[in-house]
Every structure is written in structure tokens, then in C-alpha cells.
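Letters are used for the chains, namely A, B, C, D, E, F, G and H, taken in the order the chains are written, and counting of residues starts over at 1 for each.
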Amino acid sequence: MHLIINGKDYDDIPDGLTVTGLIGYLKLPERKIAIERNLAVVPKSSYDDLVLENHDELEIIHFIGGG
Amino acid sequence: MSQDKLIVAGREFNSRLIIGTGKYKDYAQNAAALEAAGSDMVTVAVRRVNISDPNAPMLADFIDPVKTTYLPNTAGCFTGEDAVRTLRLAREAGGWDLVKLEVLSNVHLYPDMEETLKSLKLLVADGFDVMVYCTDDPVYCQKLQDAGAAAIMPLAAPIGSGLGLLNPTNIRLVREAVSVPVIVDAGLGIASEAAAAMEIGCDGIIANTAIAGAKDPIGMAQAFKHAVIAGRQAYLAGRMPRKAYAEPSSPVEGTI
Amino acid sequence: MSQDKLIVAGREFNSRLIIGTGKYKDYAQNAAALEAAGSDMVTVAVRRVNISDPNAPMLADFIDPVKTTYLPNTAGCFTGEDAVRTLRLAREAGGWDLVKLEVLSNVHLYPDMEETLKSLKLLVADGFDVMVYCTDDPVYCQKLQDAGAAAIMPLAAPIGSGLGLLNPTNIRLVREAVSVPVIVDAGLGIASEAAAAMEIGCDGIIANTAIAGAKDPIGMAQAFKHAVIAGRQAYLAGRMPRKAYAEPSSPVEGTI
Amino acid sequence: MSQDKLIVAGREFNSRLIIGTGKYKDYAQNAAALEAAGSDMVTVAVRRVNISDPNAPMLADFIDPVKTTYLPNTAGCFTGEDAVRTLRLAREAGGWDLVKLEVLSNVHLYPDMEETLKSLKLLVADGFDVMVYCTDDPVYCQKLQDAGAAAIMPLAAPIGSGLGLLNPTNIRLVREAVSVPVIVDAGLGIASEAAAAMEIGCDGIIANTAIAGAKDPIGMAQAFKHAVIAGRQAYLAGRMPRKAYAEPSSPVEGTI
Amino acid sequence: MSQDKLIVAGREFNSRLIIGTGKYKDYAQNAAALEAAGSDMVTVAVRRVNISDPNAPMLADFIDPVKTTYLPNTAGCFTGEDAVRTLRLAREAGGWDLVKLEVLSNVHLYPDMEETLKSLKLLVADGFDVMVYCTDDPVYCQKLQDAGAAAIMPLAAPIGSGLGLLNPTNIRLVREAVSVPVIVDAGLGIASEAAAAMEIGCDGIIANTAIAGAKDPIGMAQAFKHAVIAGRQAYLAGRMPRKAYAEPSSPVEGTI
Amino acid sequence: MHLIINGKDYDDIPDGLTVTGLIGYLKLPERKIAIERNLAVVPKSSYDDLVLENHDELEIIHFIGGG
Amino acid sequence: MHLIINGKDYDDIPDGLTVTGLIGYLKLPERKIAIERNLAVVPKSSYDDLVLENHDELEIIHFIGGG
Amino acid sequence: MHLIINGKDYDDIPDGLTVTGLIGYLKLPERKIAIERNLAVVPKSSYDDLVLENHDELEIIHFIGGG
């Protein structure tokens, strides 16, 4: 399916992935990240159950150095 | 002085010095500076994960969020909406409510107080404990407190300028106008300026560029550590009165 | 920083803060302030023994001259002859050669540089190691060095005034004009000013009234201790450059 | 310099010094100070007529509103509504649209920028030309310009304090952030501070207490007149660069 | 103010501003700056005539020594003997006794006070009226007066630096320590600093590089003219007291 | 009739006065003043015609010295 | 004999006292003091042998608090 | 004759010149100058009479711009 992640298009994401699935698919390290789906924060508790849909817009963030 | 802790939103901190995590050569140097500064809180930015390189070094690998409080900021947000959205993600990522609100303008990166106050109200309603970056306008600082700010953080000078404590009188008026902690944030260039700000009665200092931009960031971090302690103790000790003329410090009688 | 000692006339001192022994409530408070300041040198005055009351408390009962270096001053001397005579007695009393020369005028107790230079030459010829209290005139400070001064000690402001570091530019020029230690003496009012003087590159600080005249002298002594360390470390670390405008301290890209 | 006029909302003024009409011994002294200052604009307050004593001396008997522009202020108004209501009456009384908006807070009489911006929008919609008293926050000053302010008038220091130009850097940032005239209002204590403000590039100065509160208000009015001219001319002439070290001002060759 | 003349060694001067004649583009510009400054005294240097080109333009062709008092200086002299020898020639060349003594050191061109005092005594014995360039050391300034100086001329900052009035406190102490005219010489960078020096009670100002080094020297000369008048009048008028807090300048009662 | 002028009660004002009439009655000098009636500014042009009514609230102001 | 000590006259000092003797006579504590006799410093080494003479002028000093 | 003027050697100066003569010889303009001869100032009054001698050291100065 097609997702927009951090403003970029990804056309070849396997259908029916959960958030947890996507994290694995993208090989995101098991570290402090947070995900927003279509402008709503996704609670970590729902990563396993929430199934992403075609054209979802995701923001995946973490903490970096800043003043 | 061990019992003289900084208390923000009910949380206790041993150090009154908060350092940034931007502009360091690398995270290792940043961690060493943190060690030297003796801080237990650091400001951090919230940014998109680099999807194409998920294995890039991460801040959390060098500064443990369990031992050191991360204070997520909203740097880069120019509207209240962006700020709230950013901090909601930060809360989910970190699992804590204490945040630093900064809504900057495109005028020398000065805080936009109108947008800042608006954002503060949204964040407070959303359950955040908000430390607010602001100007040294005592009226607006009082509005921020009335809106529920956990700490008032006026700038000393334009961020990153190192111009120092430009208006000690206003910082004094801000200090007198609010009862929540006042933490001077942005614009300091060297340690003595941090001491001077604390001597006015401020509760803490945030320093980033002054430390990260020094020739030896580790040494400057130590300098700021001692400066903040010096300024705090001097404030508590109560300074001597200024006099327009000289007064001898040795007895005048009994000379041979 | 343990190896960063203050060296005057070949003598090593761990602390760069020298405190006075005048104006304290009593010698006990003075001793406590010394402990808090962490100094290993104190300035002392030379005065006539009270013949009628030989059992009055004496400084040496509270501050051990073996553990703490006494630096006898010539406060109260208005001519070079008096200064030399006083220090010769001090040398016999204490058994050491390191002394502080101050020849004051009746103009706001400012040092009389003409008399001071004359006295210095006599004392150097007589084998003394002389730390010289002086104005911030870089030319005269160089003359003092050329005449054999062991340390140059320019005033920050009129003695006892607490007006602070009135002319940082001149202190910088003095620092650049001589190679012996430069120790800022007299006129400081609060800790941050000591830090600022050290950041210019001075080697040490003498503080008396600023500490003894504070509401809590012990607390202020601690404040000065940390301030001198802060200023020294900041000087060694090398400050960031000043900028006329703001610069962001968080990355500008990657915002949501 | 005769063509270098101050232009506000299309009106031309020969003098860049605006004086107040408060705190003088009497209106006669006020008129003499105006003469000495060479101003062609004065700030005035709007107050209830004393019904019980309609023959009390009136300002207009001493300072002719035809020859000198009255700039009605909103001193005493703490809300936007009061400010608008007061100025509507002022407009009817005087027959002109040029007004000074000041909405003060109870925090050291600092301007309340939130209320000030709100009031400004009401007044602009109502056809007024508004000169706005404000803080030195460059972001808010730009908001005031965007809302239609005819002039931006940041304070130098708390009103009536005489503490002088506390933050020249912010005044510079304000000057750079807006294109309408910038007039420094409130807090100046003596003439040289007015000159310094003009040297930054400000377009004018408002002085009340500094003149009315001097031992000799007439003499101080003359002093401010010359100071404003001096500062303006110095700004236009362009200052020499600062140098860290000395440079001879006489030729070094050709000495005997 | 017409009767408020500057009186030095019995000579009356209408202007309290003395300008230099060095560093100008050419003598024509220098003469125009003099006209704009309204000065009636200029400092001049004494140098060897260019034998190989006797027709080179000469200062006297542009600034008439009959209308404008030439104040010959000893710039370039580093010993008292050179200074005396130079001024004896100057006296023969000009036919007047009023001179400016400056004995500089090689330390940032700071005046060498020891040599200066020595030279002063020789010149006074030789019948000169000596205006003495010096440091802001109030003790030495008093010695200069006691030795017969006609005017005390302390520096504001290193010559040619434009760093401004670095130590107003010392200038105040100098002003209080002597009764002859005090004229601030060297180091000023812009007009407001001249006004500030006059407000302390100084009797006059010497400006060279600040005017000659401005983008528009003629405009800056006018600025200094007004600044010196402003500062003098402000000093005579007596400033308002400084207050730590705000005070309203409009009546608080009678609001609608 | 009764008027409230500058916050004070005046009970014995003659009925039917115009604004101009009131100015004369109060002997207010012919000088720059302005009048607000029940929160609305009264244009000078209507002073002759506007008849005041019982219990009107008036503000009568002028310019005084101020900073 | 008569001595001038610290500017005061003492007429009844026993004759022939040494410096050590005088210190005992005045009950000066065994502490850091120094003595000047007729404008010359008296070395501690000579306290036992130096016999004071009539009308000697002595300065006896010690260290006190000073800035 | 030989003179040293302003530190430079001049070997071909006519013998027996007075100061006035030298000024004319050097074509120095009739302007404010002063002359030192062998470290002593030469009074203008003696320009006509004073005859310069071989190897005299002269300084000839005037006023120029200075701070």
C-alpha cells in the first residue's frame, strides 16, 4: 500500500501492516520514538492492534540534540 | 546547600543549571559536558526519525533519559498548533509531561509572546507542565504564570548571541512579578553572566551555545556549574551595600 | 584543575582567592569565612600591641599562620618610609618575606603610585617579595613589574565601595602589559564580579568587605570561592564569540 | 538639517523631541520648558473637568494647541475599552486624530502589550492615527506596525524611573524590525541618554519626568533639545569603528 | 549660556569642545569640521618642515592661528626632555605659552604619568601654561594640579579606540579631586559619550578620531558641538533622582 | 431633573436643558471640552439641539498636563 | 627607667631590663610580636642580650585583622 | 659648508649664511616655523644677525595636523 511517512511517499509498503509491523519492516531500532497517524498521536499501547490503511500519513519522531 | 533544590512543577532537581544538547561536536562530547556541568536536566529537540538510516547514533545512547530529565522543546515551531502537536508526540515518546514551550518569531528568533500564551493555554488544558521561554516583559511573564506556566524562562539576549544579561533591571522586575521559578534562558556567553543572573534571584539557568560553542566545552561546563552555585549562594547571602566612596578595610588606629 | 596553582614569587597556592581579615564580627566568624572560602592566604594589618590588655584575643589564635599564609599589608601608611618600616617589623614578627604594599593617598584612599613605586624599590632592595596594590594604569603596572613586583594588584573600584569591576578594559590592558600574576584587589561587591575579573585572565582575587560586609559572610565566602573557580575555568576554556544577531541552537530541519 | 523633519502619519514636525506636560511646578513653567525644548508636540492627559471650579487654570491657556500639537494619551486606562472611549472624547475635544495609546498594567506601570494590540486595532478601525507606547519586544513592535501603528514608542526604562536606556540592543532590534518611526518613550533620566537612543537610529524621544523632575527644568529642556539633535546628527554621520587598542592621532614621523 | 565660558589659565573660550587636526582627509575638511564644531581651540602637532618640498600645503593656510587658538601637543615624545624641547620650539613658532603636554608610553600609547609629572614641572618652571593629558587616576591628577597644571585632561579610553567613557566613576573622582578645569581627552567614539562626560561635571572635551574618523566628519562635528552643550546644560540643570520603580507621569485621579 | 456628571449626582438641574444650556448653567468656560452622554460622544455640532433627559450620565472632560 | 612604648610614656620601668625582661614585665603573651627600638627592628635572636636604656623608644606590634 | 638639518646632511650650503639667509636659500615660505640650533631655540629676533657655522645641527619645525 501507499503511506506518507515524514512527508515522503512510500508506495511499496505491504498491505495490512500494524504499527508494530511497520516498525519492524522499516527496521526502526527499539528506541524512544513516537508516531502520529493522520494528525493523531498513536498510543504505544495500540501499536500491535492498529492496522495501517492505504494513504495514511505518518510522522515518526524521536529526540535529538537541541537547545 | 544540598537541601536548596530547584523545584519545578513538584519535581526536585539538584542542579540549577540546565544545559542544551545542540551544537556539540558529537553526542559523546555532549555527555561529557553534562557530566562536567553536573546538570540533571537537558533540553532536547523533537525531530523526524531518519527512515533511510535507522542506525544513526541516537541521543539516548549517550545521555540516559532515566538518569537525566529530558526537557523536550518546540524549537522550530512558529505557531501554537505546531508546538502543541510536537509536544504531544514528545509526551508519547518520552512518557513525561514536563516540557519547554518556545514559539519563536522570524524576528531574530525572539519569542512570539502572543502565540506563546495561546499555546501555553492549550498545553495546560492538555495536562502538560510547561516551562515557558519568553521575553523579559514582566507583564507578559505574569500572564504566563496566571495561565499556569510551571516556570518562566526569560531570555538574557538573542538566542545564540552570547551578548550576556542585557537587561538586569527587567529580569529583576520579572523576578518580583511572579512566584514560580524564573530561569534565564538564551543569550548568555560566559560563566560570570550566569552568576550575575542568579544573584538577581533567578532560580536557574539554561545554557547551550555558551558551553557548546566554547573552545573547550567541558571546561566551560564546569565553569557554568560553579558560576550558578556562586550566584545562588551570593543571592542567599545578601550582598554588601554599594557606596559612592572608599572605606578603609583595615583599622585606622594603632599604626606605628 | 588541581595542578592549576597560583604561583607568586615561587610560592604555590591552591586557591586563587585571597580574603581579608578586617571588618568581620569577630575572629571566629573570620575563621569560618576562611574555611568557606577555601583560601590559603589572608591579608593582615600590622598594629601596635595593646600593652594595657595583653590578653585580648589575637588573630593567630583563630587563623593559624602555619596553615594559612599571612600577607601583611601597609594599610594606614601614607609614605614609602612608613611602609618599609612597617613591613620590616612584620617580617620580624612573622618570619616571612611575602608582603602586600599599599601606599594610600587621602584622595578616596586611592593608591599613590609615585610613593608606591618608590617604596617598592626600597622593599625589593631589602629582600622582600612584594605584592603591590595599585591603580589600573597599565603603564605604572609595568613600571612596578620592572621594579621587581612579585604580583600586580590593581583595584576594581574604590576600596570598600562594592562598586564592582569599573573598567574591564584597563584590567585587560594591565593583564597584557605584565607577565607576573595580576590579582584584582579592592572594590568588588559580589561574586559574579570576581568571576568576570578572572575571565579577563587575572590570576587571583582579593576580597574583604564584599565578604565581611555581606548579610551572611560565610555564605558569601562560599560564593566567592565558586566564582573564582568559575571565572578561571571560563578563561581557560575560551568563550564563544559574541554575535550581533540570534542563531538557532536546535537543528532547523526535520521538524514535523 | 532643516529638511530632516520627523514625519508621523503624514504630519511633519521640526523637532524630534516631544515633551510631556505632567509633573511641572505649574503650567507657566511647563510652557517655558516647551519653549526651551523647541518641541512642537506635547503629550497631554484627558481628565474630567472640575465642575465645582470651572475657572481653574487650563493647559490651553499656557500652551496654544494651534501652535503646538497636543498628543492625547490614555494614561490611567488599564483596558482597551477605556483607552478607546477616552480617545474618542479627546478627538471631539481637540478635533484631531493623532493620539498616544498607552495601556498600562499594574506591574510597575509596564505596558500591557496584549491589551495594547487589541486597543490599537479598535482605534485604527475607528480612524485614529496611533502612536503606541510599548515594550522593547521587537516581535510585538512588529505586530503593532502590522496592525497599523503610526509610530512605535518603546520604553527605555520603567516610566518615571530615570534609569536610562536599559537595553540598547533591543532598541536596535526594534529599529530594524519596523519601518514606521521609532520614538523612545519613558525612563530616560538625563540628556546623554536621549542622544544615545537617537544614535541607534531612533526617530525621536519623549521626555517628561527627566525634564520636569530636574532641579532646573528649563535648563534640562535645553539640554534635551541639543542632545536629540546631537544624537540624530551622529547617527546620520556614521560613527567611527571601535578598536580594541590605541591608535595615534598625530603623525608618528617627522618628530625632532 | 553665553556667559558660561571655558576659562583655562585666564584665557576665555566660548566653546567647551576642542577638536584635533589629525586624521582628516585634508586640511580643507579639517577646517570645515572646525566650522561645524564651533570650536575656538585645536590641538596641533609639531613636526619637521619638509625641506625638499617647502611649498606643501600648511595647516595655517586653512585654520587661521589668529582666529583659532593652536594648542601644540607633544605627541610622539616619550621622555620629558623631548616634550620640553618640542614645546620650546612650538612657543617660538607660535608665540604663545598655552600647550598640551602628553608623554606617552609604548604600552597602548597610555600616558606615562611619572614622566608626565616630571615634564610638567620643567614646563611650569619655564613659564608655560600646561594642559596635561593623563590617566583617570585621581591621585596623580591632584599631583598634576599641585605641580601647576592649567587643566587636567584624563583619557576616556585608549587614544583612537572609540571605546567611549570607560570609567565614569573615576572621572567623577578626578572632577572632585581638582579645582582646575577637567577636560576629557581621547577615546570617545560618538557624541552621546561626550554629553555623558560633561554631565559628570567635566569642563570640556577634546575629540579627534571620533570626528575625523566618522563617515561624515562634518556632521559628526556638529553632533559633538550639540552634545557638549547638552551635557553641560544637563550638568548645570541637575538631573532627576534615579528610582528603582516606575512612577506615573500623568495624574492618577479624574479619569473617566 | 437628575443628572450624573463625572460620576457625581446632580438633582437640581433645570428640566429640558440642551447641552449648550447645561454648559452655560454650569458656567463651564468656553474652552476645549468634550462631552459623553450615556457612553456615546456628543458631537459639538449637536450641542444646541440635543435636549438632556432625566438620569442622563454625562462625562465632561478636557486636556490637562500628562506624560 | 623611662621608656616610650607605642607612643606612650612609661616612667617606672625597672632599670636594666633586657627585651626578654620587658616582655615578661609587661606580661606580653608568648605570641607573634615584633619590636622596634629607636627606629631599628630588634632581631628576636637578640632579645635575651639586648639591655634597654633610659628613654628608649619602642614600638611593639603584632598582626590584627585587616583588608 | 656642512649643516645637519632635520637629521639630514647638507654639504653644499654657502658659507657664512645667517638664519634669514638660510631660510631664503631653502626657499622656506614666510610662515610660522621655528628653528633650533645645536639644541637651543633660535629667537626670531636673531635670525638676521646669527651666522651659522660649519657642522651646525638645525631643527626646523612647524605646526601640522595632530590629535
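Everything below uses one rule, namely that a contact is a pair of C-beta atoms (placed from the backbone, for glycine too) under 8 Å apart; a residue touches a chain by one contact, two chains touch by 3 or more.
This one's a predicted model, so the numbers in the text were calculated from it and none came from an experiment.
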Pair sharing more residue contacts (C-beta pairs) when B-G is set against D-E: D-E
Subunit D and subunit G: spacing of chain centres that average the CA atoms, whole Å: 73
Rounded Å distance between subunit F and subunit H, as computed from the means of their C-alpha atoms: 93
Computed distance of Cα centres, subunit E from subunit C, in Å: 35
Where subunit C touches two or more other chains, by residue: 20, 22-23, 45-48, 73, 75, 85-86, 89, 108, 110, 158-160, 163, 186, 208-209, 248-251, 254, 256
Multi-partner residues of subunit G (at least 2 other chains): 6, 36, 59, 61, 64-67
Pairs of chains found to touch, sorted by chain label: A-B, A-C, B-C, B-D, B-G, C-E, C-G, D-E, D-F, D-H, E-F, E-H
Of subunit G, residues touching subunit C in the complex: 5-8, 26-29, 31-36, 39, 41-44, 59-67
Subunit D residues touching subunit H - in the complex, by the definition given at the top: 248-251, 254, 256
Touch list for subunit G against partner subunit B, complex: 6, 36, 59, 61, 64-67
Residues of subunit C defined as touching subunit G within the complex: 20-24, 27, 30, 43-49, 51, 54-55, 58-60, 65, 70, 72-73, 75, 85-86, 88-94, 159-160, 186, 208-209
Of all residues in subunit B, those that touch subunit D in their complex: 105, 107-108, 110-114, 117, 135, 137-140, 142-143, 157-158, 163, 166-167, 169-170, 173, 177
